[in-house]
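The same subunit A turns up in both complexes below, where it pairs with subunit B and then with subunit C.
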Partner chain A sequence: MFDKRLIVLFICLALASGVFLTWGLTGRIWFILELRSVKLVALISVGISIGLATVLFQTLSGNRILTPSIMGFDALFLLVQTSFVFSLGGVGYAGLSDLTLFAANTLVMVVAAVALFGMILRRSRKDIHLMILVGVVFGLMFRAISAFLQRMINPSEFSYIQGAMFAQFSAINGIELIASVVVLVMIGIWLARHCAVLDVVALGRDTARGLGINYDRFQFTTLCVIAALVSVSTALVGPITFLGLLVSTLAHSLMKSHRHALILPAAALISALVLVVGQTYFERIMRLQSTLSVAIEFGGGLLFLILLARGKTL
Partner chain B sequence: MHKTRPYAWTIATLLILSGVSIFVGVGDMTFSGLWLNPSEMQLLLISRGPRTFAALLSGASIAVSGVIMQLLVRNKFVEPGTTGTTESAMLGLLLVTVFAPQWPIFAKMAVAALTALLGVLGFVFLVRKLPPQRPLMIPIVGLIYGGILGAGATFIAYQADLIQYIGVWMSGEFSGVLAGRYELLWLAGGLTLLAYFSADQFTVAGLGRDTSRALGLRYGYVLALGVSTVALVSALVVVTVGMLPFVGLVVPNIVSRIMGDNLRQSLPVVAGLGAGCVLLSDIIGRVARFPYEIPAGTVFGILGAAVFLWLLLGRRSHV
Partner chain C sequence: MISIEHVSYKIGDTPIISDVTTALPKGKVTALIGPNGAGKSSLLNIIARQATATTGTVEIDGLDVTQTDPRILAHKMAIVSQHVGVASRLRVRDLIGFGRWPHNHGRPTQIDVDKIDEALSQFDLEPLAHRFVDELSGGQRQRAFVAMGFVQDTDWVLLDEPLNNLDLRHARALMAHLKQMSAQHGKSIVIVLHDLNFAMSWADHIVALKNGQVAFSGPTRDVAHASSLSDLYNTDVQIHAQGEQFFVAHHGPL
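Take a look at the complex of A and B:
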């Protein structure tokens, strides 16, 4: 029933998770296991959301080189978060429950992303390079505005957002994690029912409309889903720009198919696998903390340049 | 008659901004008090004056190195800050700080300028490999190239516990400028002046390698001159005040829309407008959350990105 390659990927992920949980396990075993399994669930959720978001965005924009993070989605999320702290004040921010904050952040993020990227996709669909450049510059501007607002906030209040600014797999909030898993499950169900529609949407706006799909409405819904996925991953660990690109390229070259029923789960599994293996390697074997994201930026950036130079953009 | 008008405007604006910059800040200062109260004179000589000069010099030299880069790469949407030059200067500084922290500032500068030079050459080489019919690919490649170099710098900094240094270099800021700590920028200003004497050569080089050779230009010589000016200026500015993104990109584009591409005419205005933009951002940064300060680089990051987007999306009606 399932594709063999997906089963292999799943087994690899299960093995990697096992290694991650049990490597060098001594002392207070249950305590360590609990800590590690929280982290494992977070890594896998982040991996899945980045993988799914990237493939969906590439379907909408009709190319294999754009990813939500390159287009500034992460930066937008940080800006939303910073504006919350700025307008509520640190005390007001801390007074809200984690769940309210997560919901509010995600909601604002979805609205802002749909408004902005709906506009970008409409204005520059014909010119992929213009689209990338506009997205990148928007990202830079969001970062600058966030930096500006952060300077306007008192240093003591600043510490509330500092945690969200770098990709950190070591500090993870439990309630956010549960909310994220719930969001992911809901999105997973929605995607499972719309795989076939996505296959048609990938043919482009005109063809899809000719085949009887309400393209603009579907694009709106998909942008909402992407924004929610980016919120999940950025809220949990902060921005990782190039993971999505690495993963979708790997997924496409492994599956050699355009069917979303194959590509989506493959991207999600590969993404989770890369994060779990990478984290095990850097944290347990190399004993370096927090450098996984730097390694991903480096490798993914190189891949991006190679893809561009080979003219694979269209 | 009309040719001198932009110059007059530029000079008048710069004088007004400098006046404002001298009298805005945490310490009180009035025009009459300047002559009566020796401590106010001291404030002017040690802090406000150098700060104003630093903003003017770095703005002018960065804007000019932006133009030079745009002509050499033949693309309107590049500048040293978005094509990895600044990051490679940072990389050099980090390496010196890790391996030879006792070296004097000039030696550190030299290393930073050398790595910046390698960074520019690497970018020029990359651009040669790109298809010429895809002009927007060049700035994208530049940004990613800078991102990769930045990731490398972050990694080294993280391993050597120097993340704070990177933070200082990443945001261009003038609050640390005092007499005795910014003088390297005069060197950048001098280089900018030198570039003005080669303005005609740069204009011709902007026509492309083959055309400019056919017109009798020693292209390799001009290329070397331009690349080393860009690298030196970037290194000098990063070392003394930090990164000032978008200045070198936005300013030349605006000026070339108004005055065209003849550098001998437009270069002084580019320099003046660059100086004015950076000084204005610094003043805004000083006032926005008085008595705290916001880096000028951050202020201009917002304005510059907005103008860049406008240039990009409004492009079709012009080109």
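Take a look at the complex of A and C:
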């Protein structure tokens, strides 16, 4: 029933999680286990979100180089957060409950992403260079506006944003985590039912429409899903630009298939595996001398350059 | 029958098709011919719903293409277009299998498998069945896309320049196949063609477009003459008859 490679990936992830939880367990075992399992669930959730979001976005945009992060999705998320702090003020922002904040963030993010990226995809799907350019310009613009707003608020309010700005797996908010897991489960169910449609959508708008798919509505829904996934991962740990690219490339070359029923779970598992193994390595072996996000950005950035140099096909 | 009523189409301010009214007969092979930029592909795309007419209506067997549920239309007509980008690594067999989507929605049955096997053998694709589509030559890929249109098993098949990149043997085999489908199985074929010899030998009906308007249309033997074709292409075209065969000559020095 299940593909062997997926089972192997799953076993690897289970083993890595086991090691992450139990390595060097001394002292107050239950306290440490609780801390670590929260972190583990967060790592896995973030991994799954990034893996799924990237594969979905690449299917919609019909290429293997662009990812939601490269197109400025998470810069948009930071802008949304900054605008919240800016308009509500630090006290107002802190006064909101975590759940309200998470819901509001995700909602604004979904609306903004669908409006913007729906338009970009429609206009430039056939022209990958134009799409890269638009993505880079949007990303820069979002970052510039965020930076501008951040300069105008006072330093104590800025610290609220700072928490969201950098990838950090050490401080994770429990309520956000639960909300994220719920969102992920819902998205997982939706994806399981629409895997086959995604295979057709990957053939392009014209072909998919010719086969009787309501392409524009499906693209709209999928963009909503991507925006929600990016919100989940960015809300939990902040932006990690190149992980998605790394993961989708690995998933495609491992599965060698066009079927989303195989690629989506592979990308999700690989992504979670990279994060769990990486975090274990940096916490236990490197003793936090460096950070996981730096290593991922380095590796992923290198891969991005290689892919660009080799051209579109892979 | 596909009836096209007062269809106009503009890209920006440039008129591509201006007030075209014509009918494409059911159960026949219809060729759309005309010089470059005459609007052949645009008209085909409007029928296929890939483009939306600025004004006018297109009905296929009485169904307005812009109003009908796309799932119903997918059972009515199949489209084989010139440019299909395949993003993910896709094997020929899987590509053709997508043609069965309107019937099985991703859950293939034995009928689907049989249809795909049949298409693979008919289009000479059996040795290529497990190759990746992006590793094929232009002509092989073209045949795979045509096969995908055929397994969709619709009353109407629309093809946009399917002979591009095909060698002599495969071009001829494809046209013979189209003819057989319409003659024996009552399918209706609409095909954009550049090579007049193919149009003369295989098409039952011709619609000639020029500058976005219908220059002439009707049964091939009645409307395709040396004079009408010369006018259509603004260059001297001669027709030589040899028995039942017609040869269009346009190769000499100007």
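Going forward, the second predicted complex is superposed on the first by the 310 of 314 C-alpha atoms of A that agree within 3 Å, B and C clash if a C-alpha of one lies under 4 Å from a C-alpha of the other, contacts with A are read in each partner's own complex, and residues count from 1 in each chain.
One rule holds in what follows: a residue touches a chain if its C-beta (ideal position, glycine included) is under 8 Å from a C-beta of that chain, and two chains touch if they have at least 3 such contacts.
Values in this document were obtained by computation on a predicted structure and should not be read as measured data.
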Superposition on subunit A - do subunit B and subunit C clash or fit: fit
Touched partner set for A:L302, first subunit B, second subunit C, both or neither: first
First (subunit B), second (subunit C), both or neither touched by A:Q58: second
Partner chain in contact with A:L35 - subunit B first, subunit C second, else both or neither: neither
First (subunit B), second (subunit C), both or neither touched by A:H129: first
Partner chain in contact with A:L15 - subunit B first, subunit C second, else both or neither: neither
Computed vertex angle (subunit A) for partners subunit B and subunit C, CA, steps of 10°: 90
Smallest separation in angstrom, by C-alpha atoms, between subunit B and subunit C in the superposition: 12
Doubly contacted residues of subunit A, that is, touched by subunit B and again by subunit C: none
Residues of subunit C touching subunit A in the complex: 48-50, 70-75, 78-79, 81, 84-91, 94, 98-99, 101-102, 105-107, 134, 152
Of subunit B, residues touching subunit A in the complex: 77, 126, 129-131, 134-137, 139-141, 143-145, 147-148, 151-152, 154-155, 158, 171, 245, 288-289, 292-295, 298-299, 301-302, 305-306, 308-309, 312-313
Interface residues, subunit A side, partner subunit C - complex: 58-59, 62-64, 126, 195-197, 199-200, 202-204, 206-207, 209-214, 252, 256-258, 263, 313
Residue ranges of subunit A touching subunit B (in the complex, touch as defined): 123-124, 127, 129-130, 132-134, 136-138, 140-141, 143-145, 147-148, 151-152, 241, 290-291, 294-295, 297-298, 301-302, 304-305, 308-309, 311
